[in-house]
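Shared between the two complexes below is chain A, which has chain B as its partner in the first and chain C in the second.
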Partner chain A sequence: MLTLQTWIVHVLFIFFTTESVGELLEPCGYIKPESPVVQLGSNFTAVCVLKEKCMDYFHVNASYIFWKTNHLTVPKEQYTTINKTASSVTFTDTSSLNTQLTCNIRTFGQIDQNVYGIRIISGLPPEKPKNLSCIVNEGKKMMCQWDPGRETYLETNFTLKSEWATEKFADCKTKRDTPTSCTVDYSPVYFVNTEVWVEAENALGKVTSDHINFDPVDKVKPNPPHNLSVSNSEELSSILKLTWINSSIQDFIRLKYNIQYRTRDSSVWNQIPPEDTASTRSSFTVQDLKPFTEYVFRIRCMKEDGKGFWSDWSEEASGITYEDRPSKAPSFWYKIEPSHTHGYRSVQLIWKTLPPFEANGKILDYEVTLTRWKSRLQNYTVNETKWTVNITNDRYIATLTVRNLVGKSDAAVLTIPAYDFKATRPVRDLKAFPKDNMLWVEWTAPNESVNKYILEWCVLSDKSPCIPDWQQEDGLVHRTYLRGNLAESKCYLITVTPVFADGPGSPESIKAYLKQAPPSKGPTVRTKKVGKNEAVLEWDQLPVDVQNGFIRNYTIFYRTIIGNETAVNVDSSHTEYTLSSLTSDTLYMVRMAAYTDEGGKDGPEFTFTTPKFAQGEIEAIVVPVCLAFLLTTLLGVLFCFNKRDLIKKHIWPNVPDPSKSHIAQWSPHTPPRHNFNSKDQMYSDGNFTDVSVVEIEAANDKKPFPEDLKSLDLFKKEKISTEGHSSGIGGSSCMSSSRPSISSSDENESAQNTSGTVQYSTVVHSGYRHQVPSVQVFSRSESTQPLLDSEERPEDLQLVENTESSAGSFPRQQYFKQNCSQRDTSPDISHFERSKQVSSVNEEDFVRLKQQMSDISKPFEAGQMKMFQEISVADAFGPHTDGLVEGFETVGMEAAVDEGMPKSYLPQTVRRGGYMPQ
Partner chain B sequence: MLPAAGEPAAGDSWGLLACLCTVLWHLPAVPALNRTGDPGPGPSIQKTYDLTRYLEHQLRSLAGTYLNYLGPPFNEPDFNPPRLGAETLPRATVNLDVWRSLNDKLRLTQNYEAYSHLLCYLRGLNRQAATAELRRSLAHFCTSLQGLLGSIAGVMAALGYPLPQPLPGTEPTWAPGPAHSDFLQKMDDFWLLKELQTWLWRSAKDFNRLKKKMQPPAAAVTLPLEAHGF
Partner chain C sequence: MKVLAAGVVPLLLVLHWKHGAGTPLPITPVNATCATRHPCHSNLMNQIRNQLAQLNGSANALFILYYTAQGEPFPNNLDKLCGPNVTDFPPFHANGTEKTRLVELYRIIAYLGASLGNITRDQKVLNPNALSLHSKLNATADILRGLLSNVLCRLCNKYHVAHVDVAYGPDTSGKDVFQKKKLGCQLLGKYKQVIAVVAQAF
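Entry: the complex of A and B
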């Protein structure tokens, strides 16, 4: 290889030189040495010798020579011109591994000519191979390996040499891919010492390792024993016998063994003491094994004296030890279920299957005995791990044994206390905590000696009921872990019950998590009450299914739409919190996070708006304002009421209508023919804007009731009498339309003349024979004088007053109009109607009057009544009997005088300053 | 000194003689086979004993293969032909009293001479073997047998006995005549292997006896084994 490279370089230079020189076919000179291999870090000198012919041709000598390494000119200081034809260059401390060195001349005209080139290869001589070792795999050839030492950068050959004292064996040349090991191509001869060494050689040197001399049998690695088999013994459940076949090497060397075993489900190997297997054998009995357990074995061997190598492990073989009686009584517990039968209890006895290492065989069945207090023992055989039985309320003792093919276990004894037994003596300081991915429970034992402890646990969940799992612990234990498939993030309710000789103690419970996690849901917060500056938030405790741990605290985050979020920590025991210092009329967003030991979870966001006013604030403003307004109004009304006369006087003076003045014709004899005139006059005058009218309802007058008919009769009389007596002073009312109808046109004029100044009151009285002036409830008193009668009967007055003051003017007007219109056609009917109205209002008075009348004028009674009837009939058909009526009237007047009651036919002083509207 | 060494082409007998002589020539030149020092003859004797056992083991498989190669009736288990034409082979069987009366030197010398001859015959056998596998097995056995010779020489050197010098007149020759039929040739091969086996058994006893002599403390252990061997 090296030679080839050099040769190529050589040829190239010949070619270049030939080309540049033209006719020259051979190089202009040469370099010595031709193909150097230089040790790294050493000095190297090369000499370039020019040929005479060339020197002549180019007119150069050795001083024209310059050197280049890898196309870089070597500094002149390293050159030495030996003579005219030769120049040398010296490199100290060569560090480059592969350098191209060329010898050049500079001819005239500064043309550089390449004379010759070589390639310098540098590297290191081989180091002495160390740690030579050989191994003889049984049935194969010997293989040796060694440590080649440092990198040489050169092609280095390793040769493994071996020989006997009498004979040399063929060299073993390393292959290119495994330069540090070699497998000899002859089978080793055991028991004859062989000497082995390695030679390493490259261009810079050759070195030999230390010789090793050994018997190949001491380097042997046997084949592992094969056909390993395992058999058990019915007599002894604790042993297994191994048998195997040794490799053929045992024919001439002795072996020792390693035997290892493990249970099927374990991964850790146990080793049989090597001294028990230190000699050649083909079987071995392993002792102290567990009954009914599957064991896996493997075996390997090596030369007995320890020289050589362990074989590979054999193939594994397994076997099961024979059964033994169960070594332990099973865990035993009971549950009492309510029974429907009186005096009995349903007891479910429960127990655990023994683990294989305690069952020591296939469990056939369980034997349960029940002993009632001082009673015979009952035996049961059960195949399952629970058994329900109805027992009385007495105390029972239950025992349980488990049976396999070989025998029975010891009995587990359980006392089921009597029905009325009160459990006491609980464990103290119960604690539960996770550790090493297990849930540990720790407690302090009660003072009395405990037979055993029962631990029950279940997952607390809202979705599923608590299905307890349980385990039994020895009476001396007070710290254990729950042996079950526990899940993370689940709340376990753990109950520890000590069991004493006379029955169970009272249970103690605690909650724990195997591993907490942040809650899977955050609490949902809502407002309970929102005030102007505060809000009461409330939330529900998280359901246990989403808690995933113990809720340690809550954090409430609240913010306005633009403001920063504020966080408040709240203890986990609270379900309510009041946010204070809120801004009124602002939208707040609030959410809540619940934290376990492992982290927190936000709940949904809730928004609420604080009101503008606090609760009651509006009321506090509105109510006083309303009250004030009401008070003011009331005061105003009261004031007005108190001063109504004054006000009326100022605002609404009672101006008498002179045209209605009857003072001029205060003659009862004036015929009512002026009816039309007066009417005409009234309309023509247009002077009754201020006329006050008392309206008397006259609707539906076509069919008078019998009572009405009576009153009709009565009022016929009244009319007659009124025509006789009613005064025209102060003008007439509508009712007294008969009056105006009576008054003549001249009378009207006179009345008009006095209307402005004189005020009148027309006492319109009526009454039957002066005895019923009070019945003159004629609607209104036109008199300005006190209505004495009315004063005596306040209710009448009231009525009148009401009519006057508050009934308003509209009904009067209405009446007026109606009345007038009726007057147009039948003025008599208007009378009737008026009286009817009166009667309807004051019927009682009327009746009373009738009484009075009857009392006063008994003598006339019969005749009068008869007459009255006649008249009423007559009146109904028209005013034909005036004269007759007058006669009566006179009588009536007299009667009134007799009573000493100056009734209302006299003009009176205006009372209370009020004027009756005319 | 080695008159036959210069004529290797003179047939099988000459070749065997040559190789035997070469072996014998080289062995005395070795000062000691065990170059790790000279701890006495004990370890060498033990090793030689082990080697005979190892050779026994080897020969079992080799003989099986070779007799199969020879074919019936040679590979039949109860084939026991009379010893014909193999008179030149060294006889291992010897009267028990004679064997007991042998001294160490004579015992070792007889072993050495026997194996020297047997090795030469065996190499001749190797040259005739047809299959490569068989040749490889035979070559390995030859190498091992040569190792045994070296081992015996080492023991003899350790005990201070000189190696026997082969005399030209008494040298063993494996010179099958031209009249040898193929069957008789096979019979010779059969007897060679059989005699080799017998010699290995005898050597095991010889070296065990020697070993017990050299290592008195170990005698108590090895005696019952040997009693069983007889």
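Entry: the complex of A and C
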């Protein structure tokens, strides 16, 4: 009871729930048609009908309806309000395959409410199936296929229907994956006409193909014959007999056959004439085959009247025809090999193995006969394809036959000429060219009748020797191809030798390639000579192994780093080329490519630089310059030589040796000019080149001017004060060198006055002529040796300092200063004024003195400057102690003083006059 | 049991006869007109000859296959067990007119068709593994169906014969195994004998 109540409650719950949901899901209207399938391109009209209840609820009518397709509102022009509750929409030329169409209303003026929706499926009705055909595979059921026509975009069913005149068979429904064919489920019955057609049907229509009516036996594809076998005949080497078993269909239909055969190594099938196999049979004899050749056969069949289909090919079967005697003599040739036996030659007879189609069986051996001229025949049996024999230098005739199981071939005859035979009559116009992937050789036959031609060829290589292969051609042939295993990109040397009845003719050779290719390596270019504007390039011919073809030309590419590349074509016969119009002093990069008929290959790049000057250009500049310099020098030397006295006078005046002076010979009355010779004699051991003597005429004025005297007096005092003081050489000689001329003592004053210039002076501590001098004597020297250390001893320096300290009272100090320093010139002026005063006696001499002075002073000015620069540098760079600096300064002082020395010569000269002995 | 039907009833019966049927189909109302589904082919006689040749070519093989499949004592007692002792087999007169021969042929085919149906049914039970025999029986029955269709077409088209009296062989369904085998063997022996004559006649 409780169970019953529970069950009732459940039922009621479900009922009310369903009712309420139904109320909620109930649409406001509906669209007609519900599930339309529309033909593409046709018109379609849908009607939306609103329910009264909905219209009242939403206060709408059919005019509120609007349509949407795929969520896009349809233009109102396509709407039609049929009545208060129904509105229709019309689409013309529907092109969309699958369209969602919804009917909508706008409630309360703004809310769009979907009323109903449908999906419009578009497509095309099926086309009439075409090309219906059927096939009956023997032992299987009939299968028909057809062309379904255009795409319908709809699910289309194809049904194959078939019937006899008295009976209908079950329909054959196509499977989804094979909609264009169908295999019936009943066994075919032959000799009863069957009518077959196809029905194609989809939502838009049904169409039927044309009916075909046929006897299934006319659509049969038989099973191929099986158990095909081949047998030969010992009687006939050219036939093979085929036997096979036909398929069971031959029990009630007649068959015809196709029989095909080929040799084992061929891929091309030959066919027995169809008319020979146009009837049912189970065997066939194939004729006109080659002896001892393996043939492969296959067979197929079909209904004799040609209706139906050919069966598949049977499995292949093969058989070998029986042997026959060799049909041709083998190719026969010889090679002469050097022999060490005098009067004999070693001859290697060579021949080719007959190809199977000529051997006609298994070759057992070869029989060679050798006949010397007018001598008996010798027989030899050889198993190989060559035979070497020593023969005399006479003419021989060799024959060769080949033997198999059935018999012997014809004999090949070869004449081996005598040793001294001179071959002539070569072939003419020998050509070799590739064609159809074969290397063809063509020639013009000699005028005489040729028995045969021997073609020999080998690969030319730098690495391996030429190993020739050969072949024989009939005497009537003048064009053939090389039947060896030729390789591409290899250079073949081909030789054609005609063979006459009396022996071989003269061979002719030619080179050829089966197929050319670009060189595998480019030529390596280098410079042979590089000029300012040209470069001679040279290269080696490419080795034949890398040529890969005939080198037709070279191309030289050269460029600068920034310039464009220039290409020059060069004939292949050249091995050097001159690049002209190059820019000097430029880096050039050059490479070279070699070209065959098939392309080129670049070689490595080579770099060279053109020189700045052409060869000889430098010499052309330098040599004239050198010559000019040399000439100038020579002229200068000549000039100097001519003027040597004058030059010597100004540069290296002879300095009289005071030690050899004779004061006694000084005579105030000696005439200034004509006494010169006597002076010269007097100083014969000296090298005076010139002596300037300033003579002061004492006769006119026996007493010197008071100023002169005064100055003389001062000089004397200076001399006294400076006696014993050392003077340096060079820089330090400024003072010291002047001393002898200035500090002339009574004894040597006159001697010193005879010298024009003094470069160096040395303090001589010894006395004159071994006498102990009471005072220090200065002796002149031309040495340029630097000062000795002893000459720079502190005591000397001290003396100098003392001298300097006391020099302020001496005009001489000013005199030296003005000569050693350029900064203070006023004393010099005064000096000259004084000199002028002194020398005013003789204006002529004075002028000469000035010239000497200017000549001498010039080089020393430079030396003076230099010395000051050195000092200043030393001062600037040396981290010297004060003492050292002082030392340098001291030396510098001395140098400064000393460098002024040459200038001091002039006053000496001036003073000479002033020192005129009184 | 021997069933003899006359008039056009057997005609339609044969038209709706399916191979393998154990018994002839029930008699149905007959339309006496010669209506075919589509026009008959003009080469009917040639097809009939080929069909007879086809049947004749396979009849002996079928006979051998049958008695071989039945096992002893059939192969060694063919004369006793498989002799063509079918007394009610429709007659055939090779020297008759074409129409007569076609009518007689029609009866023979109808008889054979029904009998082969019985044999096929029995052999599927008695020798279920004799697939080759089953296949051969089915193929022969198919050829007979085709032959019957051609003969009917020929009779209708040329001789306007709309019905032919036919007789069927005994129903073997109630017999024992040996009898079934024996009746089958006798029928196939008879079939081999008759079909050779008929094939020769056309």
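In the analysis below, the second predicted complex is superposed on the first by the 487 of 918 C-alpha atoms of A that agree within 3 Å, B and C clash if a C-alpha of one lies under 4 Å from a C-alpha of the other, contacts with A are read in each partner's own complex, and residues count from 1 in each chain.
The rule we apply is simple: a contact is a pair of C-beta atoms (placed from the backbone, for glycine too) under 8 Å apart; a residue touches a chain by one contact, two chains touch by 3 or more.
Quick caveat: nothing in here was measured; it's all calculated off a predicted structure.
Visitor: Please determine, from the superposition on chain A, whether chain B and chain C clash or fit.
Guide: In the superposition, chain B runs into chain C.
Visitor: After lining up the shared chain so the two structures overlap, which partner does A:F191 touch, if you call chain B first and chain C second: first, second, both or neither?
Guide: Touch partners of A:F191: chain B and chain C.
Visitor: Could you say whether A:F421 touches chain B, chain C, both of them, or neither, answering first, second, both or neither?
Guide: After superposing on A, A:F421 lies clear of both chain B and chain C.
Visitor: Using the superposition on chain A described above, determine whether A:T166 touches chain B (first), chain C (second), both, or neither.
Guide: Touch status of A:T166: both partners.
Visitor: Of the residues on chain A, which ones does chain B touch that chain C also touches?
Guide: The overlap between the chain B and chain C interfaces on chain A comprises residues 164-167, 187, 189-193, 195, 213, 215, 217, 251-253.
Visitor: Touching chain B in the complex: which residues of chain A?
Guide: Listed in rising order, the residues of chain A that touch chain B are 164-167, 186-187, 189-193, 195, 213, 215, 217, 248, 251-253.
Visitor: Taking the complex as given, what residues does chain C use to touch chain A?
Guide: Spelled out, the residues of chain C in touch with chain A are 15, 36-41, 43, 47-48, 50-51, 53-54, 57-58, 138-139, 142-143, 145-150, 152-153.
Visitor: Which part of chain A faces chain C closely enough to touch in the complex?
Guide: So the residues of chain A touching chain C come out as 163-168, 187, 189-193, 195, 211, 213, 215, 217, 251-253.
Visitor: Using the touch rule from the top, collect the residues of chain B that touch chain A in their complex.
Guide: The contact residues of chain B facing chain A are 23, 26-27, 30, 32-36, 47-48, 50-51, 53-54, 56-57, 140, 143-144, 146-151, 153-154.
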